[in-house]
Every structure is written in C-alpha cells, then in structure tokens.
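One structure is given below, represented as structure tokens, and several questions about it will come after.
Each chain carries a letter (A, B, C, D, E and F) given by its place in the written order, and its residues are counted from 1.
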Amino acid sequence: MTAVRQPIEYAEAPPDVRAVYDDIMATRKTDWINNFWKVLAHDPPTLRRIWTNIKEVMAPGALDPLTKEMLYVAVSASNGCHYCIASHGAAARTKGMTEAQYSELLAIVGLANETNRLVTALNVAVDARFL
Amino acid sequence: MTAVRQPIEYAEAPPDVRAVYDDIMATRKTDWINNFWKVLAHDPPTLRRIWTNIKEVMAPGALDPLTKEMLYVAVSASNGCHYCIASHGAAARTKGMTEAQYSELLAIVGLANETNRLVTALNVAVDARFL
Amino acid sequence: MTAVRQPIEYAEAPPDVRAVYDDIMATRKTDWINNFWKVLAHDPPTLRRIWTNIKEVMAPGALDPLTKEMLYVAVSASNGCHYCIASHGAAARTKGMTEAQYSELLAIVGLANETNRLVTALNVAVDARFL
Amino acid sequence: MTAVRQPIEYAEAPPDVRAVYDDIMATRKTDWINNFWKVLAHDPPTLRRIWTNIKEVMAPGALDPLTKEMLYVAVSASNGCHYCIASHGAAARTKGMTEAQYSELLAIVGLANETNRLVTALNVAVDARFL
Amino acid sequence: MTAVRQPIEYAEAPPDVRAVYDDIMATRKTDWINNFWKVLAHDPPTLRRIWTNIKEVMAPGALDPLTKEMLYVAVSASNGCHYCIASHGAAARTKGMTEAQYSELLAIVGLANETNRLVTALNVAVDARFL
Amino acid sequence: MTAVRQPIEYAEAPPDVRAVYDDIMATRKTDWINNFWKVLAHDPPTLRRIWTNIKEVMAPGALDPLTKEMLYVAVSASNGCHYCIASHGAAARTKGMTEAQYSELLAIVGLANETNRLVTALNVAVDARFL
C-alpha cells in the first residue's frame, strides 16, 4: 500500500472506470483524459460522482460556458490550486478566454481577497439597501 | 479609543474623505455611499487607495462589467465575506445578473471548493498538455 | 446535552479550572477572565494546554510584546476571527498600539492577501537570491 | 498562447514596464528585480498598480519598516505563500530580523491559527470590555 | 428580487422540491427538514444534486457513520462554518458523539491548523519513508 | 544566515533537542525522527512545545487513536498541507486505515468544503432544534 496514487490509464482501467472515461471524452469531444480523473479512478464511486457533478454544473445553462469556466478559474486561483488553474484555465482558453481577460480575472481575484479581509476585519455592517 | 469603527457620514467627513465620496458617487452615478467606504474613511489614505484600485480594476476592459462583478461575487462567496457578497451581489444584479445565474455561480463556487481539495490532497500532477 | 457551551464563571469553576484562571489573572495583572477561557473551561485539559502555550509564546523574547500582539492581530484579521481581533486588538492597544498603527496593520493584511493570491496563481519561481 | 508566464527581463521589457522596474530599483536602492514583478509585467497596468500599492503601504509610517515586513511575512506564512515568505522574509532580514525573531513570528502564526479555529468553532461571544 | 433567500417550507414547495424533502425525511427517519435544504430549494437542481451527494457520501461504507459525521464536523470547524458545525454536530451527537469526544475533536482541529502552518511555512520536505 | 532551514540530525543535535527526539522515538516505539521535528529543532522551545501538545492531544482518550489520526488527516487535506497528509496519513495507515477508508475520508473533505461554501454564502440561519 502506497500513499501516492498513480494515474490509472484507460488500458488498465476496470469497466466502471472506463465507462466514466468514455463519457468524459464523448461529452468533451476529446480523445484523452486528464490526470485528475485518472487519479480519482482509484475510487470509482467518487470518480463517477464528481464527474456527474461537473457535467451537470458546467453544462450550458443561465451562464454561458466561458463565464462558467472563468468563475471556476477564479475560485481555484483564490484557493491556490495549481492543477485546477491549469486545467480549467486550459478549458477557458479553448472556449475563448484571452490573456487580457485572464489578467483582469486575476486582478479581480487579488483585489477581492484584499477587500474581503478589510471588510471582514472591520466587521462592516451590511447596508439596508443591500438586504 | 474604541475598537469598533463607526461609519463616517458625508456631513461629518473631512475634505479628503468627501473628495473620495464624491468620486464614488459620480463614477457609480448614485447618490449614496455604502458602509464599506464610510468605515474605511477612518483611514483616508487607505480609503483613497482602495477606491482607486476598485475603480481601475472594475472599469470596462477585456471582460464585460457583469462578468467582472460575478467574478468578485464568486471569490467573496468562496471566502465567506457576507458584506462583499451583499454589495457586489447588488452591483451584479443592477448590471443584469438573474437569480438563475446567481444559483449557477454558487454551484460553481461550491464545486470548485470540493474539487480544489481533492486535487490538492491527491497532489495530482499537471498534465503536459496544460503547460 | 447542548451544542452551545456557556462561559463558566470563576464561582462555579472546579479547582483545576480555577487554578488556570488564577494564573491568567496573575500573569496579566488583571482581575477578570475573558470569555475564550471561560468557554474552553468545559474541557480543562485543553484550557490548561492552550493557556500554557499562549503564556510561553507571548512571553517577552526576541520580539517586543507589542510586535507580538500585532502579529497575532494580523493573522486573526487575515483569518476573519472577530473575537481574536477584538481580544488581541485590546491587548495590543493596552501595550501601546495607536489607531494609525492599526490602520497600517490592516492595510498590510489586505495587501498581503492580494499579492499572496497573485503570486500563488501565477506560480512565481523563487529567485535564487532568496534561497 | 501558453498558460505559464515567463519572467520578462529588463532588456526585453517595453517602456512602461521599464519605468516601473526603474522605480522599484530606485526606491529599494538595489540593482535587480525579483521574479514577482517580472511575471506581473505581462500585464503592465497590474504591474504598475500593485507596485504603487506596495510602495505606499510599505513606506515609512506609524509602524517601523521591520515591523511592517514581519506583518507581511506572518500573513504570507499563515496563507502558505512560499514565494511571499521568501521575498518578504529576505526583506525583513535585510531590515534586521534575526532568526530568533523569525522563530517567534512563526510560533505566533501557528498558535493564532490554532486559537482562531477554537474561538470560531466555539462561537465565543465578544466580551463587553472589548467593545 | 431580493438578495436574501428565505427558507421554502414544505407546504409552499413545488413537486420537485417536495420529492427531495420526502427523500431526506425518509432516509433520515425524521419528520422535519433543516434550513439548509429549505434555502437550497430556491435552486431545485442544486438541491437535488447536493442531497444526492450527501446521501451517497454519508451512507454506510468503509467508515462507520459516527466517524463520518465527526470528519464532517472537523472540516466544518476548521473552515468556521457555524451552521455546518451545528447541523453535523447534532447529527454526530445523535449517532453517539459525547462532549468529551467533541472536545478532543476540536483540540485536533486546532492543533492541525497550527502544525499545518508551521509545516507549510517551513517548507518541510516529505520524508522518503512516507512516499 | 539562510532562509531555508535544513533538518538537524540526531548526531549533530544539542542535548535539549536530543531529549525531545528521544521522547518522540520512545513514545512512538520507533527508531527514527521525521523531518518536521528535525526542522523545528532550529527553535528548541517550539520543538519541545509542539511535541508536548501533539503527545497530549493525540494520546489515547475519548476517541480511539485511528479516529484521531483520520481527523488530523482530514483537516490537513482540507488545508492542503502535503507533508501533514503524508505524515499523518502514514500514521493512520499504521493504525489500520484502509485505502477504502481514506477514499471515503477524502470524499467527505471535498463535500464538506463544497457545502461549507454554499451554507456560508447563503447565510443559512441555524435551526432552533440545533441550539
């Protein structure tokens, strides 16, 4: 038993894992699987559950697909998840995010983290007009 | 000397604070100032500095104004800053955010916080294609 | 059994709790106990352990007492712990922190949270000179 | 278009970036630029904006320069930003921070993170004397 | 349109929301619904999705139900989510968590937050034996 | 003076550090010291203090040793402390944690981080029954 979980490739994956891999590739119209899913594959129920959630939440809805990916990138940048910034950043670029847009996104992430702390530390009361 | 800083109203504000209040109202085409600025006003240089930053970062640019407000709301929701969610949420609604869009935004914030932890805990290696 | 732990006052406290209360008051040269300790008192070993740690870490050392309190306030402000900001803020004020110093402290907390996110999101490599 | 932003050296930098680099070196009385600024340089308005903020917030004021750097290091250590710990740690050492002081700083950062969680989880009410 | 979402009671809920409420009550063998679900009910797909996830993740598995609830409480305490501490704390108490166990849980949450910061700030290399 | 603290081995350690190393090995019935302690050893009072805390908090009590280690792992996973996940994960495995249990633990950590954000962002009121 080792503490580090290696990616499980398609060729070595059991049927329930392959079924999720197949659905990921079909949904995303791509022919490869990124490492997140290959590592989650050590736990097939979680693999399936998280994919089901991502697929539902990121599907076309009230927000356009690019805005959704940028929101995902912004939260991941705020949390410092490098892999998530890389993977959702790539998805956002595929959907049209420019470098200028990414720069503005990061500026907002930084500024929000600054003002969030000032507001919270100063315990500012919510204005009646906001309620 | 008290630990809690009360909002400083326009009528009682010194000239340097009034100048910022005036610019906030002119820029936002509104006739009132929300509590965040009134509390920051105890420290005029910080009031001016933060307003200058918000004004620059949130100005029209590569991203449309609604997307920028929603990114601000998303980071604030992820960080649990109630005041920031209320104030930037109000701004986003003024710019057109629907409740359905807000629901999708929150779903992404929640899901990103879940997958950010899974990815980080499992120490997933960044795929070569993402670099 | 209730989920909310009420403060345990000196008069109703068992001997092991009173011993800690007595040491807090003697060390701080004060005649009262703040709520943190009175709530922790439901778990006497933790009460004693945390007090022992605070007493040791915050004792005079290489840093002067005011700087130590301000570092505590800064971390608490960054984490959004209102009680901790209030209690360590009060201690810092007692040791001489002015409102102007507190304003600068908060400005640094906010700015550090902004640049921390930019640096982490952009995955900036540590310069050789810093190693 | 690549997801990773390489540092932009002085020789290859456009005039608006060089102007900021020059001001950083003049202000800090040094002849080199650390990677943070070279990576931010992909977005010149953010480079200029963040530098303007750092320069203003970290300038001599009510707090002495060493205390300011240590507050920056403490927040960065609490947030786990390695680059920020390295860069502001180096600045603090240049301004006189000893290893014994750094050890005390880290001890406070750790302890504050412990007590912040206990206080928040236990929902301790702020004592009237602190208000 | 208001920024604050009020709980939606069973009597006023649409059929798709009632279906989830019914499943929650049947699964938990209870006759009431707590506020989390009633507020999520403004967004029925998210209500259903989150309930499906909670139901699957918290179902009997390799870990006993009490341990699972305590892990949920520990993460919520670490994140400072009062509602989550209250709701999952109540669930843990129903499953047998004693106050002494809760005290130990909180002590671990506090200590882990302390050592997590020390380890991260000091950038401790993972020992070969742990890999 | 260097910013990076190298592990201090037993052979080169001063007596007060060796005394802690000896107690760690005796308590854990092992013949080696992991890097966390060797890096903390640059600050002997903190080394002794943190070890004293770990020893007391993680000692047999109301919770069984495996549950305690898993709570430590869960908080560390939520905070993204790789070293802590590795070291406490190894301790949990030694005490009997299976990979299936670890998978469930991580699923709870991820889900709690998701629902913590939803609850906090939506500002859900604590139900009277939970108080």
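The rule is short, and it goes like this: contacts are C-beta pairs under 8 Å (C-beta built on N, C-alpha and C of every residue); 3 or more make two chains touch, one makes a residue touch a chain.
Keep in mind that this is a model prediction, so the values were computed, not measured.
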item	value
Chain E and chain B - chains in contact with each	A, C, D, F
Each chain counted as touching chain E and chain F at once	A, B, C, D
Reference chain D; chain at largest CA-centroid distance	E
Taking each chain's C-alpha mean as its centre, the one farthest from chain F	B
Rotation angle superposing chain B onto its copy chain C by C-alpha atoms, nearest 5 degrees	120
Averaged-CA centre spacing for the pair chain C and chain A, given as whole angstrom	35
Computed distance of Cα centres, chain D from chain B, in Å	21
Whole-Å separation of chain centres (CA-atom averages), chain D against chain F	28
Per-residue multi-chain contacts in chain F, two or more chains	3-4, 46, 49-50, 53, 57, 78, 80-82, 86, 89-90, 103, 106-107, 109-111, 113-116, 118, 120, 122-123, 130-131
For the chain E and chain A complex, residues of the former touching the latter	2-4, 45, 49, 53, 56-57, 130-131
Residues of chain C defined as touching chain B within the complex	80, 86, 89-90, 93, 99, 103, 106-107, 110
Partner chain A, residues of chain C touching it in the complex	77-78, 80, 82, 85, 106, 109-111, 113-118, 120-123
Complex contacts: residues of chain C adjacent to chain E	1, 3, 42-43, 46, 49-50, 80-81
Residues on chain B engaged by chain A in the complex (per definition of touch)	4-5, 7, 32, 34-36, 39-40, 46, 50, 53-54, 57-58, 61-63, 67-68, 70-72, 74-76, 78-79, 81-84, 86-87, 89-90, 98, 100-101, 103-105, 107-109, 111-116, 118-120, 122-127, 129-131
